[in-house]
C-alpha cells in the first residue's frame, strides 16, 4: 500500500519548515513536494540545514499530492487552494482565509473581499479537541491561529459548562516567531531582545476568531472579549492568562479550586495533547511539542476565575495542530509523529 | 560646604549595586560607605568590575553617614535601620519592612511579627509623584516595590478622577533581576531563557502594597484587585497591563480615548519621569533609566479602560526611585543624577 | 522478546532529563528506573512537566536494569557504577570518571585519586564515529565531554590525514546548560544574559580529554593544544573554531579549499550524524538533535586551516551521543530514536 | 560663551541614536541638528521614545553646526562630508570611508573607487589612546570599526613592545547591533536567538583596518592576521580573544604572567577607559559604557600569549569613542559625558 503523498505550499516560512520537520518523521505519509517563491530551485536542506534528512528541491509549483498544507499569506492562500480543492485534493490552510464564517467579518479585519466565500461553509475550523469528527470528514480545514488555539482550549471547559460571566479578558504573550520570517523592524533581534511590549490594542486579527469560537461554545450570553497580545523576547512559546467572573453557584461542591480542576480534568480526560497541570505552566515545557498545558485557578480574594494556558505557537499553535488535523483527515492515528516531548531546557 | 555622606547597607545585591552606580555619578552627594556580608573586605570594583570608578572597600559595618539606603532583606532591614534612625540618620529602606501601614497585613504576608511597629507611622511610602512633600520631610522612607510602582503610577490618574469601577485586573510582567541575586533554581539561565510563566497566583507580596496605595488614592468604592505577575526571559524591565471598567459618564467630552489621554497628560504634566506615550510602550525604552512610560487606552468593543505602563524594575522600580527620594530628603533638585536616557537598543 | 531495560542514575540534572526525553521515544528499549537524590519519591512528570509521557517515580535506588546511564558527578559516578558492573550491567558513564586513560592525569585535573583505576583499561571512550566496534563490545563506555566531542570531530579528519602542524588553537563557545542545573552565581539569568565571557584560561578539565584523543588520532608529532572555552547567552549549543597550520604539500590537488572539503566529506561519508556543510554552521541548526555540522576552510591570506564545528551540547555533546552508544552496545540500529531534526527556529 | 553646535547625519541607525543619547547628557556641547531620510519631519523623541529629553525634529538637511558626526553608510558618507569639510566644519566619520590609508585596499574591500582619495592623508584614525595629539588637531577623524578598536587595544602593548611573533589569530564575538538597524534575514530575532555562528570567513571588512593599525604599531615583522568574527545572541557587547606566540626572551623577569600584566598596566596607566583586569572580562561589565576591559594571560602549556578584551560595540566600539574624539577635537576634557559606568546586570 502506498502512503498518502503530502505537499507544502510555501515551505520557506517558519510554519512551512515546522511542517516539513514534523512530516519528515511521520512514518505513514510521504512528503513529496514543497514549494517556495524566491527559493525555488534550491535544495530544501541547503536553505534549511537542520532539515538534512529531507531530500527535496524547493519547487515553483506543487507536484502531485493527496493532501496539501498551504502556508501562504491570507488572500493568496485561498487563491492557491481553490484549484487544488477542485482536483479533489485535501487542504489544510494555515492562513486565516477560511477561519471566519462571516464574510463581513473577514472583510472588516482583512481589508479585502473574501476570495472564495462559497467555500466558507465547507471549511472546518480545525481544533481537533473540539471538532474531531467534522475534521475527519472535511476536505478543507482552516488551521486556527496560535492565539485562538491557546485561548479557546483554556476557556472551552468553562464556556461549555456555563460557569462564567460574559466579560472575558485575555492577556496573551507570544514569542517572536509568531510574526513570521518576513523582514520587519519590529522583528529585529536588537529591537525585541530585552523588551516586552503590548501591541494591536486597537484590535488584533485573531480576536474575531476567538470571538467566533467562544460564542459557539457558549450556551448563555455572548462573550464580550478583551484581547491584548504582547511580544516576548523569545522565539517560540505562547502563554495566555484569561480573567473571567465565576458564577459560583453553578459550580458543584464547596471548593471552587477543586471543582474547577475536576471540571477541566474531566473535559480533557481523553485528550493526549492537553494536560491540566497543578502549578502555573511554563511555555518552555511545551517548546517544540504539540502539547498544551492548562492551569485553572480561582482567586478567593476577588472571585475571579483565572486560567493560564500555554503552547508552542509553531507547534500546537500552528504546524503541530496541522499534522494532527492531517492525521484525522487521512484516517491515521491522531497522535502519529506528534508524541515527542518538549525540548527542555 | 561638604556634601552629604551616603551609605549603602548590603551593596552586593542587584539593588545595592544599582544604587552605587547611580550615586557614583551624583555631583552633590558622596558615597562613603558600602557594606556586605560574604564580600566584606573586598574592593567594590573587584567584586563588580563595572563599578571601576568607585574606590571603596566593602565593609562589614556601615561607616559615618548622613543618609543610608538599606538593601537588606525584610525583617533584617528593619533591625538594621532602627539604631541608625536613633542616631538621626535618614533612611531609605529598599525592603518591604515599612511599606505596609497595617501590622496585621505585614504579619499575614511576611509570616512574622513586624520588627518595629512603632516606626510604621512615621515611614513615608516613597513614590515622589504622589507624596513629594511628605518624602521631603521624612526621616524614614519606605521605597516601594517594583510592581506597585509600575501599577500605581498607571492607575493613579484614573483612581483619583473616580472614573473607574472597583474591579481592577493587573497582569504584570517582570524581568528576572527582580528575583534578586540569590541562588534559586527558578533564576537559572537555562530555566528562564525562552520561557514565560505566571507565578504567585495564590498571592504575591506586592499585592497588599498595591491594594493599600490604590485604596488611598480612590475616593469611591475600595478597589478589588486581581494581580498576576509573570516572569519574562530578560534581565531588566517591567510592564503592567491594567484592565478596568470605565464609568463613561464621568469622562468629559465625547471621545473617551482623547479624554483619557488628556486626563493622564494633565495629571503628570509637571513630572519629569512619567511620560504619557502615544503608542504601546516598550520596556526597553526605559532600560537603565528612571522613566516610566504610560499608555492609557479605551477598548470601544468592550468598554474596558486598558492602561499599559512600563519601567526598569531596578530603576524607577527600585534604585532610581530611591535616589529620587534621597534628592527630596536632602533638599537637592529631584532629578539630579537621574536624567540619563535609557540604553537602547 | 522483551526489550532491554534501561535505567538512569541521577535523572534530575539536564543530562539526565535529556536522556529520559530521548529514551521515552525509543521503540526498542524500555526506560524502567530513574533515580534522584532530593527528588526521590516524586513523579518524574511532576518534577519535569515536559516529560508527561513517562510514568515513572524518581527512586532513591536503581531498579533491575540491563543497561544504566550514570549522570552522577565525577568521583560519585565511579563509586556508583562499580557494583553495577560487577552484576554484569552495561554502563554508560556520563561523568568524566572513565574518560582519561592516565590515572595521574585524572588526579591532576580532578584533584582526587581515581576511585577505580582497574576499570580504566576496559572503559571505551565513546565517540561512535571513531570507536564504533570497541563501543559495541564494551561493558563500560565513558561518554565524552561536550567540548571534546565538538573539537575531536572537527579535527579527526585532518589529524588522521597528517595534514596539520602540531600547534592547535581551539576557541570554543558553549551554551549555559553545559554548566548544569546546580546553583551557581555564574549560571543566573541576570549574570549570563547579554554577556559573553571566556573562562578557565588556566586550564579546563576537558583539555586533557581533547589532548588524549587528538594524540591518539595523530600519527606525527604530538599536538600542542590551546583551548579557551567561552560562555554564551543561550541555553543549548556549542561551536568550536579550530585554528591550525596546514602542511600544504600533504594536501592533494591545487585547490586547498576543495581538497579539505573532499577530505572531510570522505572521512564522514558513512556517518549519519556528521554533516560537512558549505557555509559557516549555526548552532541552532543542531538544537535538540544529535547532529554535528562541520565547516572546514582555508585562509589563503595566512595559510591557516580553520574548521568550525557545532553541536547541541546536551545532544551529540551528551545525551544524544549516550543513546548512540547504547544502541551500539545493545546491537540496535545506531540511529534509532536519534533521527529527529533540530528545532528551528 | 556659546557651546559648540553638534550635528548628527543619519541619526536613525543604532550608532546615530547612541551618539544622540550621549550628546544629550554632554554639558559642554549642544546637539542642534539631526538628519534622517525616511524619518525626516518626525520628532526624534517620537521615533525613539527613550530620547524623550531631546527636543529636535529629524531634518532632511543638516543645520548650522561646528562639528558633525556622519553615521551614513560608506561611500555615501564621504560624499556627504566633503562639502561640510570645505565649509570648515569638523567631521567625525563613523563609516569606513576614511579608515584605510591605501586607496587600493579601500577599492578591494568595498568594491568601489574611493569617493575622496585626496582626503585620506588628512584623516586621522581615531583611537584616542593611540593618536591623542593627532586627533586633537584633526579636522577629519575616521572613527574606527568596533572589531578593530577591540583588537587593536588588546594587541597594542604587545605589538609596541615587540614581544610577540607575527602570526596573530583573532577570534572575535559581537552582539547583533553591530549589524545595524537595516532589515536583514540574519538580524531577525528568531534567526539569531539561541544561535552562535562564525561569519565572513572569506574576509571581513574590518580585517584591513586591523592589519593597517597593527602593522603601524609593530616595529618588527609585519603581522599576519587571521580574523574570524562570530555573531552572538545578544544586542550589545564585543569580546576578542587574540592568540599569539610570545617571544619569551624579550619579556623581563621570570614570571611571564606577571610581566605581561605589568606591561599592560604600564602601557595604559594614564588611560581612563582602558582597564587591565585580573580575571577574564565580561562584555556585560562594559554594556552602555565607553570602557574597554583587557585581560592578558600566558598559557604555560603551549607558550601562547592570549589576550581577551571586551567593549560595548556601540560604546567604545562606535559612539562612545566618537564622543571621546569630539572632546579632543574641541579641546574639552576627554572624558566628559563618558564616565557613566556600565549597566549591570
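Of note:
As written, the chain order gives the labels A, B, C and D, with residue 1 at the start of each chain.
Methods note: a residue touches a chain if its C-beta (ideal position, glycine included) is under 8 Å from a C-beta of that chain, and two chains touch if they have at least 3 such contacts.
Everything quoted here is computed from the prediction, not taken from an experiment.
Judged by contacting C-beta pairs, the busier of the interfaces A-C and C-D is C-D.
Among the remaining chains, the Cα-based centre furthest from that of chain B is the centre of C.
Centres computed as Cα averages put chain C at a distance of 38 Å from chain D. Distance between chain A and chain C, defined via averaged C-alpha coordinates, is recorded as 36 Å.
Residue positions of chain D with contacts to 2 or more other chains are 14, 175, 177, 190-191, 193-194, 233-236, 281-282, 284, 287, 345. Within the complex formed with chain B, the chain A residues making contact are 167, 169, 171, 173, 175, 190-191, 193-199, 201-203, 224-226, 228, 230, 232-237, 239, 241, 243, 280-284, 287, 295, 297, 299, 301-302, 304, 306, 308, 310, 345.
On chain A, the positions that touch chain C within their shared complex are 14, 17, 21, 24-25, 46, 48-53, 177, 193-194, 235-236, 275, 277-278, 281-282, 284-289, 291, 293, 339-345.
Interface residues of chain B facing chain C in the complex, by the touch rule stated above, are 14, 175-177, 181, 183-185, 187-194, 233-235.
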